[in-house]
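Several structures are given next for inspection.
The same chain A turns up in both complexes below, where it pairs with chain B and then with chain C.
Entry: the complex of A and B
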């Protein structure tokens, strides 16, 4: 037996997976870098250099888009961490209907995002929607949740949190349950109360869970599109446009090269924000 | 030693096959202009070979386009042929296609037509473009006329039907919307429609208003309606395309003031922001801000039509293609609704902006071109239009000479006829110029909701248009 063959033959089993990964993931990624520099009609292309990037950055709604994307990502991320943590603590405590409530919290995650978007845009209708008709019963006249440019983005972010918090909660439940019981026993001996338990044990020791939730929610927020589109379509006007919706509109208009350039920009934007954040968070993690 | 070389061979085979795979993908995905013909004819021969390999194998090197019909004509004239037809999934289109197919099959028993539906709107545009680019298009397909047709790369994909016997029956204003570089590519499959203002006659009668001939009269009516406590203008900005209507339906007035606007605009010599007549469209839209229903940002088209029919709103800038929907959902109210063209600034120049029907196109690389031509000729005949009229209420006159609209159409359609009879019509700008910016709905929402001034919106739109023209690769941008 040849030594090289013997040493490397196990890697040949990776080959099918590697080819699939190459063809379906790596290759399109690099091709998109190329097509972002062309005027592309699916049938033929003309090389245009960095023209598409220039055009994309000149897009009049892009300023709003970048700002909205960042605000949206930050708001959904923070709220998912806060609600996820609180629900996680609540659902790991000694309550009787724990399993039932866990299912309830997780349920929205299972529903199709588009369906959630359509349902909430109906609920948030300014005159006929359930939310405002209920508020009217209480004597409050509710705002136009999705039509008023001041609230529209936050309304969508709220729905995103409602839908995504179940996932954050599950991560937190796992994180909290993995904290060894000794810590709680030590706290009991020292005479600490519930507040100390939360502040001194659960919060610092579920740090890995927090980091996971932050990274996932932040990246998800940066490229969020599927819930926003059925609810506002980027409107009214351009008020709730995010980068992903701007890209989608270019694609819709048949500007495939330009849309690809937008995707490359989004890819770089997400990378520039997410990698340093991930590094920073991981450095602060503590071992159990 | 032998095993080692076998191992190496395997490695080389693996690398080689990987490279081949990669090369194949690249060839399949990207092709420059020079390669286009080669790749599309490769598509032809491969698709031709599958169903009848024996027939075609001897002619594998000849042009498939010329080959397929000739075999059908000479060898087996009575052979059963199956055509496929691609249409959008709107109920009206489905009804029209079914009626046309049934009537055609009854006359041509040796041809059967199978209908396939696709999504409407921009998803449908991408569907059609993908089908064409993969060489997998149906024999005949219904698609928009005007700028959207031009985006399909017609010279490469669609059969030229210039000089077909039925061509003379098609009215000229339609012909120009399916013409690209002097060649005609499609035949109309339905009636034209108008863009203008629907109004509720009961409210007009109740307040003693008359149909406005100038924009000032329209705004005076609007003020009176608002003072009477009725929603003066119906806004349905949830379907943001509906916000464009005032601006687009103003094109007749633009053309009346600046007859060369379309050509100058296409050639990048005229701009919305700097052409006063064109800017008027945005200004008119700006003037309507504040007269709309309270929930105009959340209301959709269906809600708007319901408000109009039930008299909860008085006026609705819209396309007449919605008439069948109103007739179906509110049959008792259809005669309460009237229609007038969007007025200009002087009463003697009052005309209608017309939207052209979609067209039936023949896929150039299809296998049964003769049968497909026969089907399209049937569609584009007065007989074909009569068949269409039995299932789809016309939303305006037909664009085939000799095809009259039936007498029992609702009054709102008859309201359009005087404009046609007196020749006071113009096709909408999107049918005479390939240039149309994709962000117009969002921009008009901003203007209509009072967030942006007309001049700024026009400048924004000019920028949007510039981008589109550059992406289309038009000359002079």
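Entry: the complex of A and C
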């Protein structure tokens, strides 16, 4: 049997993928541990030990990124789960405009992140933006969404949810549709209402979908850069700086060693949060 | 009757909400792409007095020595070539990873799946690309896109290949097929549904990618369409009409894809995401 394996399923099938993946992804990942401990110009390096990490943890402009990264990931993840679940339930119910609504909810997922960022920056303009002019007509004076340090991070998170909720919804739709009809029939015989249906069937049995959404949204949130950067560039001040944008700033400034240290920190941050989370979620998963 | 009225009003509310939440931002971009410089700077929703969309389009294309056209060529090349490589490389790897099980397979799986979680180490990647003389080249950027999309692609292929019976392999081997022929003549044609999913999802992701071209494909000659938007943002800070026209133009390819493959996108994602 082993010989047949070796001939028909030889490892050289893996070779093209392995070369690209090892050289472009795995090798730089391992190298980052070394280069994070250097002062580096891309041509040559001086070994400095843990100095980059010390700098990173001591300077408030750098370590503010931890809190922001975590808050951003948590907020976007929770909102995507809640809205994704509600939309998923709504879009699998017996409504006539289902196909139209599904398409509309999914569409922003396909639009370029920068385009979304630019459009919403304008809509969120403090005095002339559409959001605040509309609020003004209702007699509410809206805040400076992206210019106020208290709201900026949450405003960007909101745009991220606007763009990404369609993906979460699709996953929930798949999860809810895979629930066998017998459960609903049993509930009907027992005389349960739609609240029961949601609470005791859909919610527990769409658990695999919930886990997928949480993991994807949380990891995506921890790594997010492409919507934050065009909308705020990390500002005002450092209010929306996340680890990924700090890495970019240090890279731009030519501090390659420090940028790589940021990368290693992001790597550890994501691992420490995402691996236990996925283990925990998978253990609690209910089998259908 | 009351129940039906209630259902109807909920549905009407949902449609109305979809207009406010999803159509208004798009409408906003459209009307402002039709205005002149002064009109667009007001950031209003009003319909323009005169439609200047066409002259805006011409101006955006002419800007900076037809940079947008170069960018479209770059983005199209990047997307098409990356996906071609991705399909071949992922399906071959997924085939062996699904069929074989020996000492190494758990390790291979571990390293591949880790790629879904680990953020790429950017500056070391630039260093590696530079050593290979691939930094700031299209080939280098394609390699990056393939390497980063590889884990998800393998995941999809491996899942799908589990459903292709091994009896097919055995019959072909008995008939004298070697590994390569078995794969390319028998297995690969059966993979059409996954191929379609990967083509659609990855082409949107790669076409819309901003971060990787920003790092690995710098320089004004190199720009992809996403970078033109990013560059225009600083250059045309007072010419919002051109900025919106640019947004409109670069949204057309994903929009066409969406209209053509609407059903496939959604079913493909659902197949990959939950069962995966």
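The criterion applied here is as follows: the second predicted complex is superposed on the first by the 277 of 288 C-alpha atoms of A that agree within 3 Å, B and C clash if a C-alpha of one lies under 4 Å from a C-alpha of the other, contacts with A are read in each partner's own complex, and residues count from 1 in each chain.
Rule of thumb we're sticking to: contacts are C-beta pairs under 8 Å (C-beta built on N, C-alpha and C of every residue); 3 or more make two chains touch, one makes a residue touch a chain.
In this text, all values refer to a predicted model and were calculated from it rather than measured experimentally.
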Decide which partner touches more residues of chain A, taking chain B and chain C as the two options. C
Report for A:231: first if it touches chain B alone, second if chain C alone, otherwise both or neither. neither
Quick check for you: in the superposed arrangement, does A:42 touch first (chain B), second (chain C), both or neither? both
First, second, both or neither for A:176, with chain B first and chain C second: neither
First, second, both or neither for A:97, with chain B first and chain C second: second
In the overlay, answer first, second, both or neither for which of chain B and chain C A:119 touches. second
On the A-aligned overlay, A:27 touches which partner chain: chain B = first, chain C = second, or both, or neither? both
Contacts of A:201 with chain B and chain C, given as first, second, both or neither: neither
Scan A:157 for contacts with chain B and chain C and give back first, second, both or neither. neither
Just checking: does A:81 make contact with chain B only, chain C only, both, or neither of them? Give me first, second, both or neither. neither
Identify the residues of chain A that lie in both the chain B contact region and the chain C contact region. 2, 4-5, 9, 23, 27, 31, 35, 42, 125, 128-129, 251
Which of the residues in chain C come into contact with chain A in the complex? 7, 10-11, 14-15, 18, 21-25, 28-29, 42-45, 85, 88-90, 92-93, 95-97, 99-100, 102, 104, 108, 111-112, 115-130, 132, 143-144, 146-148, 150, 154, 169, 173, 178-179, 182-183, 204, 207-208, 210-211, 214-215, 225-226, 229-230, 233, 240, 243-244, 247, 250-251, 254-255, 257-258, 262, 265-266, 269-271, 273-274
In the complex with chain C, residue positions of chain A that touch it: 2, 4-5, 7-11, 13-14, 16-18, 20-21, 23-29, 31-32, 35, 40, 42, 90, 95-97, 100-116, 118-120, 122-123, 125, 128-130, 162, 167, 170-171, 173-175, 178, 208-209, 212, 216, 219, 222-223, 225-226, 230, 244, 247-248, 251, 256, 259-260, 263-264, 266-267, 270-271, 274-275
Complex interface listing, chain A residues touching chain B: 1-2, 4-5, 9, 12, 15, 19, 22-23, 27, 31, 34-35, 39, 41-46, 51, 55, 58-61, 121, 124-129, 144, 146-147, 149, 233-238, 249-255, 257-258
Chain A partner contacts - residues on chain B that touch it in the complex: 3-4, 7, 10, 14, 18, 21-22, 25, 29-33, 36, 122, 125-126, 129-130, 132-133, 151, 153, 156, 237, 240, 294-295, 297-298, 438-439, 442-443, 445-446, 449, 451-452, 460, 463-464, 467-468, 470-471, 473
